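Okay, handing you the structure first.
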Amino acid sequence: MLQILVLMSEESTNKKTFQERIDNGETIEPKDDMPDRYRQQLIRMMSQHAHSEVVGMLPEGNWITRAPSLRRKMILLSKVQDEAGHGLYLYSATETLGASRKEVINQLLEGKAKYSSIFNYPTLSWADVAVIGWLVDGAAIINQTMLARSSYGPYSRAMVRICKEESFHKKQGYEMVAQMADGTSEQQEMIQDAVDRWWWPTLMMFGPHDEDSPNSEELIKWGVKSKTNDELRQSFVDRHVQEAHTVGLEIPDPDLEYNEETGHWEFGEIDWDEFWNVVKGNGPMNKQRMKARREAHENGEWVREAAEEYARKQKLSKEKAS
Amino acid sequence: MTTQTKTLTKKEALFDYLVRLADDRLILGHRLSEWCGHGPILEEDIALANIALDYIGHAASLYEYAVEIEDEGRHRDDLVYFRNDPEYTNLKITELPKGDFGFTIARQFLFSAFSFYLYQILADADDEQFSGMAAKHLKEVKYHLRHSREWVLRLGDGTEESHQRIQDAFDEIWTYTGALFYQDEIDDLLQDEEIAADTKSFKTDWKNLVSDTLKEATLEVPDFDQYMAEGGRKGLHTEHLGHLLAEMQHLRRSYPDANWE
Amino acid sequence: MTTQTKTLTKKEALFDYLVRLADDRLILGHRLSEWCGHGPILEEDIALANIALDYIGHAASLYEYAVEIEDEGRHRDDLVYFRNDPEYTNLKITELPKGDFGFTIARQFLFSAFSFYLYQILADADDEQFSGMAAKHLKEVKYHLRHSREWVLRLGDGTEESHQRIQDAFDEIWTYTGALFYQDEIDDLLQDEEIAADTKSFKTDWKNLVSDTLKEATLEVPDFDQYMAEGGRKGLHTEHLGHLLAEMQHLRRSYPDANWE
Amino acid sequence: MLQILVLMSEESTNKKTFQERIDNGETIEPKDDMPDRYRQQLIRMMSQHAHSEVVGMLPEGNWITRAPSLRRKMILLSKVQDEAGHGLYLYSATETLGASRKEVINQLLEGKAKYSSIFNYPTLSWADVAVIGWLVDGAAIINQTMLARSSYGPYSRAMVRICKEESFHKKQGYEMVAQMADGTSEQQEMIQDAVDRWWWPTLMMFGPHDEDSPNSEELIKWGVKSKTNDELRQSFVDRHVQEAHTVGLEIPDPDLEYNEETGHWEFGEIDWDEFWNVVKGNGPMNKQRMKARREAHENGEWVREAAEEYARKQKLSKEKAS
C-alpha cells in the first residue's frame, strides 16, 4: 500500500515536471519522460494525420489519368506523390512514440483508426482537383501551421516540412481555381459546382464546435494545439471568402455576412448530422476508400513478404561471408 | 502494301523520332501513374509516381522540341490529346495494362535497361538541344534502372510466390522486347546525321545486362530468339491503347477551346 | 444550400422523370454489356447481352420521348454523349462496376424487382405514349426478374463458395437500395398528374419479394433499415461514373460534327 | 484371322454404302452409320467453327462500350449476341457427333483446337467494326452458304440459320462502311485505314491455296465442302472489290486487275508467312484472345459449379417428394 502511494506520488511528480516543461515552451523529444496519456493522444493524432495523407491520395489520384494538360498532369502527380511522402514522415514520427507503422496501418484497415472525413467525398469533376488544392489544403495549412508549434518535437518538425509543401499545393490549387473562374462558361460552371460541393465539408474538417470537442482542452494544455476548432475554422473562413470573391466565385452559404466590428466573416450553421454521419462511416465514399486501401494492402502482401525474405537471405549470406 | 516513295527530310525524321521517344514515355508514364495510391508499400507509391513523373516530363520536353522543329504553331499538348490510336507510335510494351507489381517491375527493368544504353548514345547526339535533353534525362534513367533491377532481385530471390510471379511476368512480356530494337528509314537517316542511336550497337550489352540480372535473381532467362511481336512504331497497337486514350483524352477533347494550362 | 424557388412545370418534370428512368437503364445496360464475351457460360453471354440490349433500347425510347417533349431540336444521342457526370441522374446502384457474376446478379435482381413493380404502375400512366412504352417494356422486365431470381436461387443454394459470394454481394450493395425509392418534387408533381408511380405504394411488396427470394436461396436478408446511401438523382455520383462516361463518350465527342447514326 | 477379314470387309461395305449416300446427295443424320474419319473431320471443323464464333465476340465486343450512337451500340451488341448464339448452335450440332461441349472447349483453352485466325487481329478503331461486318462476315457467308449444303444434317441446318443472320450483319456492316466513306474526311480516313488493315487477313480466312490444303479433297468427296479454298476466295474478291468501288474505297492491292475474259478480279499474292505465323499462334492478338477466354472460363468456374450443384439438389428434393 505504501509502495503504491510512493509510485503514485512519483508519477504525479513527473507529471508536474512535464507540465512545467510544456508551460515553459520546451520541446518534448522521443526519449524524454512523458505521461502515457500524452503519448497515446499523440499516437492517435499523428497516425490519424498519416492515414489522412495516404487516403487523401485517392480522391485526387482519381484524376491523374484524365488531367487535361501535361502541365496539370505533372503538377497533380507531383502533389499526390508529396502526400505519400507526408504519410511517410508522419508514420516515422509516430514510430518515435513506439507505435510501429505496421500496427497503426492495421488499425486503419480494421476500421479502428480514423482519417480526415473530407476524403470520404468523391471527386466528380476536374474542377474538384483545383478546389481540393485551394480549400482542403488551405484548411490543412491553417491546422498544420498551429501544429508546427506543437510541443512534441518530431511532430512539429514534420509539420514545418509538410506545411511548406502544402502552401505550394494551395497556391497551385488557387491558381487553377482562378484560371477556371476566368475561363469558358463551362469551366466557370464546373468550378462553381465544385466549390458548392466542397465548401461545407471543408468547414467540417476543423471538427465539432469547441463545446463538443472533448480532447481540445487537454491538447491545448499539453501544447499540442494552441487554438480551438472554432478559432481555426474562423481563420479559414476569413481567408477563403476573400479569395473566393477575388476570383468571382460564390460561397454557397446564404448566411455569410461580414461583421465590420469584429472584422470576421460570420457564417451559417454546419449540417452536423452530415458531419457525424460521415464520421460514423456513412459518407459517400467511406466504403470505397477503405476498399481501395485494403485491396492495395492485400495485393501488396506478397511483395512485402518477398522484400523481407530477400533481406533476410542477404543478411544471412553476408554473415556467412564474414 | 502501298509503297512509300516520297523522300523523308531530316526535319520530318527528327520530328518522328522525337515523337516516338515521347510516345513511349507518355504511355508508360500513364501506366505507372495508375499505381498512385495503390502501391504495395508507401515507398513504392512514391517511387513509381516519381518514375511516372520523370517519364511524363521527358515526354513533355520531347514533344515540345518536336513541335518547335515542326514549326506549325502546334502545342505539345496537341500531340497528346488530339491524336488517335494509329497516330501514336509508342511500342506495344509500353501500353500493356499495368498488371501486378511483378509485371510492372519486369517491364520497368527491360525498358529502363534499354533506355539506359539508348540515352548514353543520345547524350552525344549531333544536335545540341536534343543531346542536352538526353544527358539530363539519362541521370533519371539510371535511377529507374537501379530501382527496377533491385526489385527484380528481391522478387526473383524472395519467396516462392514472388519468384513465380516475376518469372511469369518476364515470360509473358518477353515477346514484346524485340520491338525495342526496331529501326527503319527514320533511324537510318538520323544515324547518318549522327543524331539517332543505332540500337544494334548495344543489343548485346542489353542482353547481357538482362541475362545477368535474371540469373542473379535465380530466374530463368526466356529465349531471346523466340517469336517477337511487331507493331507500335507504325501505329499498329494492341486493343489496350484505345481504352487508355479514351480515359486520357476525354476531358480535354470535351472542351477543345478551353485553356487548361 | 441554395433554395430552388422557380416553379416546376409539368413539361419540365416529365422531361426529368423520363431522363432519370433512361439514365438508370443506359448506365446499367453499359455495365451489363461489359460482360459480352466474358460470361461464365455461353448462355449467360447471351442472356446478359440480351438484358443490356433491352435496357439500352428502353433508354433510347425514353430519351427520344424526352427530347420530343422538350421540343428544342435535340437528338436523343445528345443526352447520352454530351452530358457530364453531374448532369446524369442515374442512381448510384447502376454505376457500380460489374464486379463478379454474383455482384451482377444481386444488382440485377434488386433492380429488376424494383422495375417490375414500378412498370406495372407506369403501364397505367395517364400519358398514352408513356404508358404504352412502359407496358411494352414491362414484358421484358418480367423476364429480367425471372432470370435474375433464378440465379439468386442457384448461387445462394449452390455451393459453399457461391453462397458466400452472392451473400457478400448483397451485403455490399444493400446500402444503395434505399435510393431506389427516392422521390422529390418531380415525382410529386407527376403523381398529381397520375403519370409517375408512388414508390412508397410498392415498397412493402418489393421488400417481401426480396426477402422471400433471399430466404428461399438460404441467404441472410440484410437489414432494410441500415444506413442508405444517397445521391444519384441530383447528379451526385460515385467516382465510377466519370470513368464510364470517358469510355462511352470519347469517340463521339472526338468528332462532334460527324454523323454516326 | 478369318474373323478379322470379315470385319474389315464389313467396314469397307459400310464405307461404300456411305459414299453412295453422299454421292446421291443424301443428308447424313446423327444416328446414321458414318466412317470414323468423317465423324472426326466434322467434329474438328464444327467445333473450330463454334470456337470462332465465341472468340469472334472479342474483337467487336471491344467497341460496344464506345459505340458513337445508341443505334450503332444496339446493332453491335445485338450482333455480338448473335455470335454467341451461333456458338451455341454449333456446339450443340457438334454434340450430335458425340463430342461434348465441355470437351471441345477444353481443347480450345488448352490450345489444341483452332479458331479462325482473323480474330487474332486487333480492332483499333470504330471503323473496324464496320469493316468486320462487311468483309469478315462477307467472307464467312461465302463459306457458310456452301456449308449450308453440307452432307451432315445438323451442320447444314445450323448453317442455314446462321447464314440468314450473317447476311443481315454484312448488310449492316456495309451500310456503316458506306456511311463513313461518305462522311467527314476523318471518317473517310478511318474507314480506308480499316480496309487497309483487314483486307489481306480476310483473304487469308479461306485458308491455304488448294495445293497446300490437305483436307479439302476429302471434305469435297464427303460432300462437306463443295468448293475449294481458292474458288471461294475468288468469289469473295469479285463481290467485295465491286462493293468497295461502289462506295469509293480503295483495295490495298497494287496487283488488283479485272480480267475481261474470265470476268474475275485477279489479285496479288497473299503474304503466306504472315498467314502461317498467325496460325502458329504468333498473330498480333493470339495470346490476348486466349487469355480473355481462359479468364472468362476460370472466373466462371464457381458459377457453373453452383448451377450444377443446385440442379443436383433440386433433383434430389423432387425425388424425395415423389
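For clarity, chains are labelled A, B, C and D in written order, and residue numbers in each chain start from 1.
In the analysis below, a residue touches a chain if its C-beta (ideal position, glycine included) is under 8 Å from a C-beta of that chain, and two chains touch if they have at least 3 such contacts.
Predicted, not measured: the structure shown is a model, and the values here were computed from it.
Trainee: More C-beta pairs touching across which pair, B-D or A-B?
Mentor: By number of C-beta pairs in contact, A-B is the larger.
Trainee: If you average the Cα atoms of chain B and of chain C to get two centres, how far apart are those centres in Å?
Mentor: Taking the average C-alpha coordinate of chain B and of chain C, the gap between them is 42 Å.
Trainee: Where the centres are mean C-alpha positions, what is the separation of chain C from chain D, in Å?
Mentor: 36
Trainee: Quick check: what residues of chain C touch more than one other chain, meaning two or more?
Mentor: 84, 246-247, 250-251
Trainee: Among the residues of chain A, which ones contact at least 2 other chains?
Mentor: Expected reply: 66.
Trainee: So how do the chains connect up here, line, ring, star, complete, or something else (other)?
Mentor: other
Trainee: Kindly provide every pair of chains that touch.
Mentor: Per the contact definition above, the touching pairs are A-B, A-C, B-C, B-D, C-D.
Trainee: Can you list the residues on chain D that touch chain B in the complex?
Mentor: Counting only chain D, the residues touching chain B are 59, 62, 66, 122-125, 193, 196-197, 200, 252-254, 268, 277, 282, 284-285, 287-288.
Trainee: What does chain B use to touch chain C in their complex?
Mentor: 84, 243, 245-247, 249-251, 253-254
Trainee: Show which residues of chain C lie in contact with chain D when the two form their complex.
Mentor: 30, 33-34, 36-46, 49-50, 52-53, 56-57, 59-60, 63, 76-77, 80-81, 100-102, 153-155, 157-159, 161-162, 165, 247-248, 250-252, 255, 257-261
Trainee: Which residues of chain C touch chain A in the complex?
Mentor: Its residues touching chain A are 1-3, 84-86, 172, 175, 227, 229-231, 236-239, 241-242, 246.
Trainee: Enumerate the contact residues on chain A facing chain B in the complex.
Mentor: 54, 57-58, 61, 64-74, 77-78, 80-81, 84-85, 87-88, 91, 126, 179, 183-184, 186-187, 292, 295-296, 299-307, 309-310, 313
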